[in-house]
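Got some structures for you, see below.
Presented sequentially are two complexes of chain A, the first with chain B as partner and the second with chain C.
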Partner chain A sequence: MAVTSLSEGLVDELRGICGHDYVFTGRSARFNRARVPAPFPVHRWDEFVPDAVVLPRAAEQVSEVVKLANRHRVPIVPRAGGTGLTDGAVPLNGGILVDVKLMNEIKDIDLVDRTVTVGPGINMLKLNEELRRHGVIYPDNPASYPCSLVGGRIGTSGWSLIGGRYGHTRDLVISFQIVLPTGEIIEVGDGGGRKVRKSSTGFQLKHLFMGHQGTLGIVTEATLELVPRPEAEFSAFFAYPDYDTAWRSTGALAKSGIATLAGVVLFDERKLAYLRRDDEAYIPQPPEVRSVVATAMYGNADEVRVGAKRLMRIGVETGGNYLGDEISHGDWAARHDRYATPLHGRLRSGQVVPMSWHCEDAAIPYSALPKVREEWHAIADSLMERFEMFDDWGMFAYTNGPYKPWGDYLTEIDIGIWEMQWDDESWAAWVQAKKDISAVALRYGGSITACHGASREGEVDLVPDELGGGWEVMKKVKKALDPHNVMNPGKYLLDEAYEEGES
Partner chain B sequence: MIGFRLAAQRPPDAQRVTDTVVMRFDHVYEVDPALMTEHTPQQDLPAWDTHRIVDSRWEHLAWMHDHFADSVLSGEELLAEIEAEKKEGEP
Partner chain C sequence: MADGIAPGAQGESTLTPEFLDEWRNAAYNCYSSGHKFCREVCPVMQVTRDERHTPTTFHANVVAMEKGFLSLDDVAEDYVNCTQCGACELRCPNTLFTGDFYRFRTRTVDLVKAMRSLAVEAGIEQPGWKEWNALTDRYKNEPVLNGQPSLQENVADWAQGLDLPIGGETVLFCDCEAAFYRTSLPRAVARILKHVGYEFGLMREQWCCGGPAAEMGYAEQARRFAEHNVADWRAVGAKRILVLDPHDYIAFTEDYPAYFGDELDFEFVLVVELVAELVNEGKLQLTQPIERVVTYHDACRLNKRKGIHKAPRDILRAIPGLTFKDVDHVTQWSYCSGAGAGFAIERPEVAAEIARRRVDKAAALEIDTLVSACAWSERPLTEQGGKLERPIEVLDLMEIVAQAAGLEVG
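Let's look at the complex of A and B:
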């Protein structure tokens, strides 16, 4: 059944561009592309449904769809895996949703210049299965590794679990092709060469077109970094009697200078309490285990071995108790795929209730982690006192620097939400809590988000505060590139760029 | 059709591990069924199905290690080496 506010003529034009079988106006195709895993007001689902879904197979089709949207002044929203933890792929004003999943081909594997060129709809796990036979890997490794797609990783400027060794998405994407909001197809990278990692020619446009949450265009092809497939992996999990000892140990491990160190993760005491509910690695831990630090290394076997020995010494000398191979290996392997974890929330009575996972992330300097932790948990406590539908699942802090795992941390507080209970009052309280969490991050010299993007209700209100004069530039760029505001309108408060008085 | 008789595959009685967790098979933990009565009703699970789920999980984790690297080093072995070196260095 087709239920859309787009005219039949426009839908016919879409079919003419993409082919009859690649345009969908039925309810299931549209409602299933309304939300992402970020908290979503399910009681207002209807407000976020696109009018039509297209699945293009070529950049030229994307370009023609965008030009059509401009002619008719219809919103257009790009979507890749739809696994984002902010709302980039959620249509706020209906319109045409461009789903890039069919653009999933591997176009070129260049083992001489060490690149692979792909469509935006390919997934990293599937890509690496193919690359394995060539002895190389594309090491972009989010918690959504088995389900997120390259196009979405660019649109959100994603963070990688092993970015301390290999860099994050922005470092691993060498160049890409993008359809601008007016339909032109351009290539951006460092300079003009599609396979050049560093150039000083012109503006650095690659970064401009990363992390825009679909407000500045649609990626149609990307050229990615290839690194040697690691000969060896090493992961070590250490237990600590308290958070402060674990925090100090985290700092010592992260700044150890071990070249093969890919990341360090700090689990706080509330996280341990949460994991003791139903995680086989932590249920049997004695009560004196209150905080945990996880580490991981990748590289050539001889180099990893030497580094791992040094790392084990540091972990033990700074108060850590090695949790053993079974937990270290098993829990690390599970971290590549957090979207498959079944989530059990708890009511005050202790009863289990199915909850959705929400992860509020920020970039926080190492020195501020203990204070931010206290203030974030206080905000969550206040929320839980008012509404039983929220459940504080504790905090992680992950090393955030590319190639150099020290300095600032991707800091997240995980909050379970019983989404079937949403109403306007609880949603408003949640949005305020998110705003409060973001305000704490800024007060301690951090950034609202290290990984997900800051376009959701609540935190987005503080983006102008964080960016200062840069926010005015952002609006000017948006208006210059998207004169009719068709590309994902309503996101990032960028509608302000089109208000009277804005130049 | 291959069937099974639950009576022949009924899991052993649960032993309490913590206030909120029980165990029927070694190192296979379950949330206390008493906490899963109101919003997450439980079903009978034959023993073979529990073992299948647990085995699949370990298979998946082994697959994930193999996906990212050729080998996985042991921290226990490295710690033993460090301890041995310490002893060698002692007077």
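Let's look at the complex of A and C:
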């Protein structure tokens, strides 16, 4: 039953390293580690299947597997939760898939220096279930909070819904251990010192390995920030008659300087129309409500109480109507469960069909949001005109800065995709649309991606444009650290680093 | 590099059109989501951390099979890794946010049962389940006595000395584990009901409810056992069936209606709910103080599958002397004893680890007694509770109620 293109001898070596019960070559084990929630060409599923899967339990095992891969020149693909919205964990060239989910232990809770050290396979919700009894939390809070894992958060340089208050993954991971593409195990942080938050020693290597999409190694341990479990949460939703008013109000709220403000989220008119049409969990609002802004604050009760008064005043003074406690508290509390919202969309006939939620996630300066919004919807409209399997679910813009909710915005257009219908033509159109969406982001001074990564087909073509001279450095770094190109080959166009003429 | 896969590349589906009609949309609804919120509440996944043991895989396999990428041979073993506790269904965003509107509910448990049945029909059998169901078929009761046959002539031995009649309008169905292993449970139930003057009898020939066979994929056998039990109930004039175990309750309220439709004209009464009612109405006085510090284990098939979590807590709160350290029923979605759906037969080590983790959570509450309302959970929890530095005793809720009512237990 176990058919792989790896030699039986190599599989035996993997078993020798990881243990017989932790190496899988069966078809189901491999097919079910081929995809992630990002749009996936299901009709070509077999092109993305690894040849063997290992579930290591220690960094030393990971290191030995990587060294073995180097000896045999076999690709390695790291996988944590497999919940990413780009394709970091999708094998493009088969090989050995290193699944780190069993490395999910909590190794050290340090309440004095305020850190927790964990394996990369742990989930944030599960971690916080343990931490809460100590009065602290790890505040990395993406929409995928109940299912994504710390290793993947580092691999994608994740973004947190409450990052405006607490920072994002790169700010919250203090240091980590990583197995390099050649098998060496190293510790990286801002400088040295596993629990040091700020250092000026040497290069800032932590950031080099943030968001590498599995191309620069495999994280095997991480030391994370602990913050006091907030005494108070305050969320307020405001309604507006049009997008422009809501956009101006968003700017005012974000720039308010309220220290406990964790984030401001702007829902555009098409988002509201979609929620009204198809999200029965969304509490209905009067038809004159065309745009909504959500805000959330966290902190000590006395601080939040005072901040909330100021926030409410700004919201109302800038044209917002408070939507009431039910939607403000209910909708915010349900934010994780509602990621991907209703999971169905409609054909033009009105027929409901199961659709995957997909969101593009560029970082866009505040000033450019209205223009980008227009151009992105036009791209989605063009897709929908040609293919019934796409449905524009509207846009969100979230404050994107760590510790300060102003400046640029994680700007998201949600597109429902009826993935049962993929064929080569629709896939090609989708890839082109993604490229067009990314091009708009760059034209307005933004970045292709605020949180998912930019390694997918279509957008990845524009990564050299976005990074400029930095792209050349990126290739040099890749080739220096991974001389045999075994670590997640094919991703991020980094195969170019090994082409003739590249040095 | 993926050329090893090529021979199995997209081809003909190995699933029948009828199967696909029932499961295609459900499979795509899950496949489309990719959320995997189900994963960290799954008792099996929490231990194995293997992506094959997730509802995502259970559904994605159907997609892959429809597309011809995978065959039943490839996936059959995946479906062994489920206790059918139902946590994933509750945690699924498709259930949470579209269920009411579209009358849709993620039905992972039914999918697992359906795939296990397909496998058995195709001759892909798991050795432990094959033997277990063969022995059940031979002796009419599950082989719960570790190799010793559960003979039909002994099925009512638990009731010795209790002077219970056969038949009548109300009949008590005693689960295999309770009838042959944890006999203190049905004896406690019988004494409680007699104490309050609640009339009931036993079946003439009680066979296993058939639920476990259905859970393990032996659908034909399950149906045969159900037909026997229904015939026996009719023969003794039963109108109401008292059910003391949650697993049987699932079989009677989910499997039996699917077999018999409207012809199934019995009322199924869960003993826990009946006793809660008796206590609430003052018909059952709990006067004997029980000096124990307890927590309650939400049986999966009550809490997660049937939404029954209040009645057992009402009962515990009515017992004098008891210190009850409760953990809310939603937190307990991620708890399990590992005992369901034949999982422990095929994967005893993982099942034991699930039970160990459950008992560890209880121990963190500094209790001396873990109270359950599910006979099947009590053996593995007792085993793990006994291994603790400060051992935890496991009691059935009805055993503790009998004590509190001043009745003999055992």
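As a convention for this text, the second predicted complex is superposed on the first by the 492 of 503 C-alpha atoms of A that agree within 3 Å, B and C clash if a C-alpha of one lies under 4 Å from a C-alpha of the other, contacts with A are read in each partner's own complex, and residues count from 1 in each chain.
By definition in this document, a residue touches a chain if its C-beta (ideal position, glycine included) is under 8 Å from a C-beta of that chain, and two chains touch if they have at least 3 such contacts.
From a predicted model like this one, the values you see are computed outputs, not experimental measurements.
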{"item": "Partner chain in contact with A:Pro354 - chain B first, chain C second, else both or neither", "value": "both"}
{"item": "First, second, both or neither for A:Gly26, with chain B first and chain C second", "value": "second"}
{"item": "First (chain B), second (chain C), both or neither touched by A:Glu466", "value": "neither"}
{"item": "Partner chain in contact with A:His344 - chain B first, chain C second, else both or neither", "value": "both"}
{"item": "Chain B versus chain C as contact partner of A:Glu457, first or second or both or neither", "value": "neither"}
{"item": "First (chain B), second (chain C), both or neither touched by A:Leu125", "value": "both"}
{"item": "Partner chain in contact with A:Asn93 - chain B first, chain C second, else both or neither", "value": "second"}
{"item": "Chain C versus chain B, contacts on chain A by residue", "value": "C"}
{"item": "Residues of chain A that lie at the interface with chain B and also at the interface with chain C", "value": "125, 280, 336-337, 344, 352, 354"}
{"item": "Of chain C, residues touching chain A in the complex", "value": "1-10, 25, 28-29, 31-37, 39-40, 49-52, 56-57, 60-61, 63-64, 67, 69-70, 73-75, 77-78, 91, 93-94, 96-98, 100-102"}
{"item": "Residues of chain B defined as touching chain A within the complex", "value": "17-18, 20-21, 27-29, 31, 35-40, 58, 60-62, 64-65, 67-76, 78-79, 81-82"}
{"item": "Of chain A, residues touching chain C in the complex", "value": "1, 3-6, 24, 26-33, 35-37, 42-43, 45-51, 55, 74-75, 81-83, 91, 93-95, 99, 101-102, 104, 121, 123, 125-126, 144, 146-147, 279-281, 336-344, 352, 354-357, 419-420"}
{"item": "Chain A residues touching chain B - in the complex, by the definition given at the top", "value": "125, 128-129, 132, 137, 141, 229-236, 276-278, 280, 283-284, 298, 301, 304-305, 308-309, 312-313, 316, 322, 324-325, 328-330, 333-334, 336-337, 344, 346-347, 350-354"}
